[in-house]
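A, B and C are the chain letters, set down in written order, and residue numbers restart from 1 in every chain.
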């Protein structure tokens, strides 16, 4: 976070990685284990970023390339075998990428605006303009935004909070630089 | 600069018609598009009713001049709707202004992909349909077909409020000057993926859906493509466009209650409607008609009904109806379909009936319109709520 | 019956991803929803799938689940009476 590692591991298996991060970061939220991989990833980073924040007027704008494909595949597999045909409601629910925004909103009591966008790649110039217009229009005091992608066991995430005052300059160049350093 | 963003074109293909005119005739003629499923082979075919577009994939391919099995159903429905919208706007060169395409989908290319899922490793020929699973792929296909070059393009995925959010995003990007023109809407084809998913959630009705009825049994899934062309005042003036209506208000809020269920009192819905009224600079009493989300699930209609009472006041809810009884719930596209219907309502001064309504709900005193009515309309409010707590409201107005 | 109850507890913990709950923390009479285990409507749907898959019991209306899933006791009682597998 802000250039400092808050949790380190050599573990490459996502489920083991995320569980040890959950424990190390003291998340303590039993519903966490019901989430799909994308939600776990987004939820955990958001939790670290929002934990100390008392501001509730925080809009959420997340993006990725794979949408909810990781969970879509799971659901698709469960309806592909007619001899073992038991699709799971709790898997199906997560076949929408914006469910992770719902999870974050529920945990932090955020009723603010949120959007999930699918781009070919991280689009810093759009994210910057859109976030600025949300702040300028008075739609939110802060915006949690970024990129959270999960596909085929591979994942990457870069989330950040934008406010009128902050640590880093909110420019396309700076966002690109920060994204590339993760 | 005017407050609203001009709508200069619209297009739709749904269970009640292959274009805007056919849809309007069905709405006025009270013709439902709900029936037994014919295009998909599913084990649930006798237990569900759906709102299917009345065309096979090969008919859609022919209509678009596409080779067989190159595009899945979702992008084809989207292209048909977007083409109609562009034609109506009178656009001859799609790249003559800064144009963006903001589409939405919940299934992407799932319908074709699911057929080939298990042939994946055996058969390379169908490989492109597996790529088609990616939600952004149908948007890319639509952009390619329309000849959009190097412009802004994204796919919004916020479940059943997606197309409403595409319209919201497009309107904002035009207002902020980032785009001159936005083609906004969505496309979702029926698929086994969604049918089986919703089946596990046990919210599918086995008969015609009955929004806001006390005995409602759940929703009918539907499919559609629907797009609007939004253009800046600069284009409207320069090209002398006929403006169909204006996007005057929009609002989005999160219900922050549950992954799929709406809160008992519709907190998110109330906030979305409040925000939209504020953006439009209108008071609740200025709204002449509400095109409700009204999916006919026990949960949605109760929560939305309570939210409307909270916004408008007991006994003061304007005339309202849900058009889901006509089209089924078209998921990501619902907000687009209903924006088209709301514009048609404004243009024709018409309120559509909430078909299949018989028994008022016991929890409150709310009666949807049951007959097609003429009424002078200035402002129409349209709600779309999605899983993940995503609640959106659009306000469409005759004048900017 | 006690074997079935034990089996149900194991299955509930596994199927519903209750990672922070141990089998012996669930009493036979504990309410599964609301206060007790804190299960919600999606969990209820998941239990309906479990009834079908593991015991051959099909529920058509999710409301039927409310009574059946009150506690491990009520669940075990219903399953032993209606199971086809």
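Here, a contact is a pair of C-beta atoms (placed from the backbone, for glycine too) under 8 Å apart; a residue touches a chain by one contact, two chains touch by 3 or more.
Owing to the predicted nature of the structure, the values given are computational and were not obtained by experimental measurement.
Taken chain by chain, the contacts link every pair, so each chain touches all the others.
Looking at A-C and B-C side by side, the one with more C-beta contacts is A-C. For this pair, subunit A with subunit B, the centres built from the Cα atoms lie 26 Å apart.
Put simply, the C-alpha centre of subunit A and that of subunit C have 32 angstrom between them. Put simply, the C-alpha centre of subunit B and that of subunit C have 38 angstrom between them.
Contact of a single residue of subunit C with at least two other chains is seen at positions 42, 45, 49.
Residue positions 87-89, 93 of subunit A each touch two or more of the other chains.
Subunit B has residues 200-201, 258-260 in contact with two or more other chains.
Touching subunit A in their complex are the following residues of subunit C: 16-21, 38, 42-43, 45-46, 49, 52-53. Those residues of subunit C that touch subunit B in the complex are listed here as 40-42, 45, 48-49, 61-62.
By the touch criterion given at the top, residues 43, 106, 108, 110, 113-114, 117-118, 133-136, 139, 152, 154-159, 165, 169, 172, 176, 178, 192-193, 196-201, 251-260, 267-268, 271, 275, 386-390 of subunit B touch subunit A in their complex. On subunit A, the positions that touch subunit B within their shared complex are 60, 65-69, 72-73, 75-77, 79-80, 82, 85, 87-89, 92-93, 95-103, 105-106, 109-120, 123, 126, 129-130, 133.
The touching residues of subunit A, when paired with subunit C in their complex, are 30, 33-34, 86-90, 93.
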